[in-house]
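Chains here go by letter, A, B, C and D, matching the order in which they are written, and residues are numbered from 1 within each.
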Amino acid sequence: MSVFHYYVVAAILFSIGAGGFLLRRNLLVMFMSVELMLNAANLCLVAASSSFDLARGSSFALVSIAVAAAEVGVGLAIIIAWFRLRPSVDAGDLQELRG
Amino acid sequence: MASKKESCVGSHILSLITFLPLLGALVVALLPRGGHAALRGATLVFSLANLLLSLTVFGVDPSGGMSFKESAEWIPTLGISYGLGIDGIAMPLVILACLVVPICIATTHHLRDPSRLKEYLVFLLLMETGMVGVFCATDLVLFYVFFELTLVPLYFLIGMFGGEKRIYAAFKFFLFTAAGSLPMLVSILYLLWSYKQSHGAWSASIADLRTMSLTTPEQMWVFGGFALAFAIKVPMFPLHTWLPDAHVQAPTGGSIILAAVMLKLGTYGFIRLGIPLLPQAAQAYATPLLVLAVIGVIYGSYLAWAQDDLKKLVACSSVAHMGFVMVGLFAFDKDAVRGAMLQMLNHGISTGALFLLVGAIYERRHRRGLDDFGGLARVAPGLALALIITSMSSIGLPGLNGFVGEFMIIAGTFKTQPLFAVLTALGVLLGAIYMLQMVRRVCYGKPKSEEAKHLTDITPTEKLAFAPLLILMFWIGLKPDFLLDKIGPAVDAALLALGTTP
Amino acid sequence: MEGLIQTIVLAPFVSVALLFLLRRQLPKSAAAVIGCGAVLVPFLCTVAAFFQFDGTPVTATLTQWMTGSVLNVPLAFRLDQLSLTWTLVVTGIGFLIHVYSVGYMHEDPSFVRFFTYLNLFVGSMLCLVLGDSMVLLFLGWEGVGLCSYLLIGFWFDEEENAKAGQKAFVVNRIGDLGFLVAMVLVFKQFGTLNIADVNAMAAAQAATLDPTLVTSIALALFVGCCGKSAQLPLYTWLPDAMAGPTPVSALIHAATMVTAGIYLVARMSIFFAMSPTASTVVAVVGCATALFAATIGLRQRDIKKVLAYSTVSQLGYMFLALGIGAYTAGVFHVITHAFFKALLFLGAGSVIHALHHEQDAMRMGGLKKYLPITHKTFLIGSLALAGIAPFAGFFSKDKILGAALYSHGLPQLLGVFGLITALMTAFYTFRLYALVFHGEERFGHGAHGHADHGAHADAGHGHGAHDHAKPHESPLTMTFPLMVLAVLAVLGGALSLPHFAHFDMLGKFLEPIFAPAYAVLGAPHEHSVAQELGAMLVSLVLAVGGAWYGFSKFSEGPGKQAEHSTKGLPFLLENKWFVDEIYNVLVVGPMRALSHLAGFFDRLVVDGLVNGVAGMVRSAGGWIRMMQNGALHTYALLFILGAAYLAIVLL
Amino acid sequence: MDPELATTIAFYVFALLAIAGSVGVVANKNPVASAMCLVATFVAVAGLYLTLSATFLAAVQILVYAGAIMVLFLFVIMLLNLSHETFEGISVRRTMGGAIAFAFIFISIGLLWGTGPKPGEAMSVRPGTGLEIGRTFLKDYVFPFEMASLLLLVAMIGAIVLARRPKLVGGDR
């Protein structure tokens, strides 16, 4: 089994995540797609880490997971706050930043 | 003890003049908003004190060098210092700047928004610091800092206290001048950098930078940056359109400062930086600048003639008068440049006084149209008399200040640039046309409306504000020597870099 | 001597300051005393100086004025033969007119202001005459222009008066431009503006100076003279200047200020002598002006306008004299003209005063019996103006015509035109005289203050209630100057009698002034007695004939001329050849249009460009703003595209 | 069974599971179903970690992702009481998004082709164990490690502050 296979899986995962983020309008699902992308990246890191025989990649993946956890906590809180303001999770309604 | 203190003040007189208004601004800012008398009184005390102090710089070294020099490290790693000094060129302008501020205070009784008198006065004092600082700075970066510092208070003076279209005018003013100063900053940085290249050490002192010789193409670029900034300030022909708007919208005090001092920053920049630092480029640019200046003289006069608005007329006449100064400056003749220096001052006095009077007339009826009045000489003879004398000074009637400057410019310019001198002289004729028709329409004839029949004559405050300008008009007109003696050597020193002039 | 000169110059200015500062406190009588005294003192000083004068010019320096690297102009005054002559005329006649004004302006509420201006004028005029540098001369030159402006517009409640003042100032400024150019030319060439030095240098370098330069200087000077002395094509302001009070017309617009041009040419005569071209131009312009103005004078109805055009015409004579090198004759005519023209104007003022500001000669007539003194003095003035022996005008005019007629070529032709002008002058002078003082009484009925005339002044002159039917003689303050001037108009010719009389006081006196010029030109041509007598006879016959014809035709009344003519030459003459209208269309209109064009151009193009750039930035901002649509997906899309691009580039 | 073969089979199973799960996440209209698919993906990725013998990471993945994060997601979904998503129209942007996502797969694979070890090269199977990671963190990366914990703390406080019902004066909007 070569590292390349892992990369391919990661690429596919990442692309699906990106596509989901672009295609879906539900904020939660978009958020999940972001998690998918993060996982893909982590997979890359870990695969590369084992291919170079270094622990650093795996360590970084761990930090990345921690960041993801923090991000999910804050992100979901924001979604809740937003939902309270306007009961919708449709990203199309999020246009407050229009210039 | 006392003498020691004395000398301490003496050696820091320029710092004192520069920063006393800033201190004043702080004090005024701390005073309660409601006490108009206290606010005005404090500002007046500070500005008058500063005026008195500024008179000491009249004792400037008559041999043309820098006097009252001060220097302190500021940003030593880049050779930037806090350097002040003054010579015969800057001396009259410093005094004028200090004189104008108390006069402006006299115009604050009719602010658009009286509740914000405090801001007005604070900005006024800030302006004074900026103006004095520019004229005293001997360090290029310090010059730039003060140059920019003048921008902000005036922006607010116009934007907060101006007429109906004040925001537009203030914005236009700001954008124009800011657009000019950015290329200037690039030029300044280039100068500093090339000094470092050639001398191995950083220095931003103007005196040091004069020792550096750039190649002509380099000079052309650097001068271009300076010229743009200064030409906008002057303002020269195609870049003048901010001026009428700013003047028309500005409150009286803003107009006076703008006319009396701000426009001089441009011409002062040319004589202080442009010509001595970049002599070849100045010579190379002389013809185009002269052409623009002469266009400014004639075009500005025609513009003024076409105006039906008092303030706009005076503003356009500024374009023409500053054109005179530019012609004199770039004729590179010693007499012409002396005349130009004097004319800078004259323009400040005459046009400042014109704005003072026009503002006074405007505040009586909130109208500025030339045809809204009529018969002012009958209704308000004092005001009309002041207006007529000032107009005469502005059109260069011999015996009043305007003539001396104009004549020296034309006579001097004729030696080096006869064609431009003759064309400039046309401005004398056109000046008479637009000024006199202004006087006729405003002062003579019968009042054009019922309201125009009942105007208060010149008030004691206005008299007091006008008096120093009036005295200067006659004084400079009849005895300009007291200034020319100081200006002359300084001009010679500034023109030294050109080398070849007579 | 220096003290005298300083007093001469400063006295009027001191008075101006006094009158101005105390304008509210001073009673009219005190103001009158100060005002008249401020001219009497210089006059007496001048007389004293005249007797002390030993032929060498004296310079009195007050202080330094301007300093440059080369330019040095002191405030210094120089008394020599020429300036002494002029100073005597200015202060002498000025004093008489001041006295006259006391009566004439008595009821005007702006009495003090009037005397302030008048004194300012005398001071400026003295500066002009005595100034030892061209710049100082220019100071006086502009100063008198300012006073002229202020005095023409003295009754500024009428917009028309103010407009006339403005016109005078602006037209004069055109001339001043010429003066200014002459000054800078002189300064560039000689490096100084001291008149004596410049003249001396020019005389010394006569052979080496570039003729083009000399001609340029002379012509530029002459442009200035055209403005100030109302010559073609810049004469149009002078008739309009009659909007001012009549003493002003007498003092400024007849006797003194308008002769400043003659003074300048006489002062700088060396340049004109060195440039035949310039001299010819001066002579031709002078002659043309004389003839042209005389034709207009033939059909004017306004008493002051007739006199105004005759002034323009007589000034033309003077320039003719200067142009053909008869400098002394020109100066002589200035003096005699000052006497009789001031007399005529003051007489006219007396008439106008008596008729409550009626100026239309068609509405006068038969005033002989009401105004005996005015009548007699006016008659003397008319005789002098018409050039009838032995009155002053005869001698001076004859000198000019004689000099012209007995030269060769063009000047001779100009002399012939001069004769025609003399004929016309005599005609219109006596036409006016007859219309005013003879024939039936035509005043007192019809509308008061005809629309044609400056319907000024009623504001201050509370005469409205008086009975119009009975004009009365003016007070002594007004008739006294008339009488003095009448005496001068009779005797003035004695200053410079024809050569055969061997009495040419003026000529001898002025000799040192014109010596350099004559050194270049060659001594003035001596005429034989027969030649002189011949010229005198011809001009006398023409003058008497013109006068007789003018008098006889109008002694019964205006006849057909009472009506405005509508066609032909009379129509053109009555409307002054439409010169003002032509100028308005050809010069003023286009200039004004240009100014509006400039205003338009500035708003639309220059400012438009600026606002256009601002607009472009703004719309660019608008476009960029569109991208900032707040939609998460757009951002995400762009972000991912960017990431993809970076990935491609980096890997 | 050959461990090599077992690893290969495990890899393919987990990889397919992960891809299928991720497709499910994106394609499901019901957010709850999406969340369930996401759990499957996470678990599959944890399995992939195991095939790389990153045992500690696999455990963390299960604990943090499948446990904590997913519970959080579900809580939110329940809290917000989300029903089926309404119809999402087909727009240019969406089409482009899809196309880009699709293209992205090939782009990344294409790019990866020339880099790193070629397919078929042997891989070590050591890193990713708790021992290695612990050593790295507590020896070389102490500071980032502490920062990560701090980040979590901050995120926790932030989440509380954000999600807390604000005290509205004028009632609910």
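A few notes on this one:
Everything that follows uses one rule, which is that a residue touches a chain if its C-beta (ideal position, glycine included) is under 8 Å from a C-beta of that chain, and two chains touch if they have at least 3 such contacts.
Nothing here was measured: the structure is a model prediction, and the numbers come from that model.
Steps from chain A to chain B, taking the shortest chain of touch contacts, total 2.
As a whole-number value, the distance joining the C-alpha centres of chain A and chain D reads 6 Å. Chain centres here are Cα averages; for chain B and chain C they lie 38 Å apart. Inter-chain spacing, taken between the CA centroids of chain B and chain D, is 68 Å. One finds 102 Å separating the Cα centroids of chain C and chain D. For chain A, the set of residues touching two or more other chains reads 18, 22, 25. Multi-chain contact residues, meaning those touching two or more other chains, occur in chain D at positions 93-94, 96-97, 100, 104, 108. Listed by chain label, the pairs that touch are A-C, A-D, B-C, C-D. Across the complex, chain D meets chain C through its residues 93-94, 96-97, 100, 104, 107-108, 111, 115. Listing the residues of chain C that touch chain A in their complex gives 625, 627-633, 636-637, 640.
Within the complex, the chain D residues that touch chain A are 4, 7-8, 11, 15, 18-19, 22-23, 25-26, 28, 31, 34-35, 38, 41-42, 45, 48-49, 51-54, 56-57, 60-61, 64-65, 68-69, 72-73, 76-77, 79-80, 82, 85-86, 88, 93-94, 96-98, 100-102, 104-105, 108-109, 112-113, 116-121, 123-128, 132-133, 135-137, 140-141, 144-145, 148-149, 151-152, 154-156, 158-163, 165, 173. Within the complex formed with chain D, the chain A residues making contact are 1-9, 11-20, 22-26, 28-29, 31-33, 35-36, 39, 42-43, 46-51, 53-59, 61-63, 65-74, 76-81, 83-85, 89-90. Taken together, the chain C residues at the contact with chain B in this complex read 63-71, 75, 135, 138-139, 141-143, 146, 149, 153, 156-159, 161-163, 165-166, 169-170, 173-174, 176-177, 180-181, 183-185, 187-188, 591-592, 594-600, 602, 606-607, 609-610, 614.
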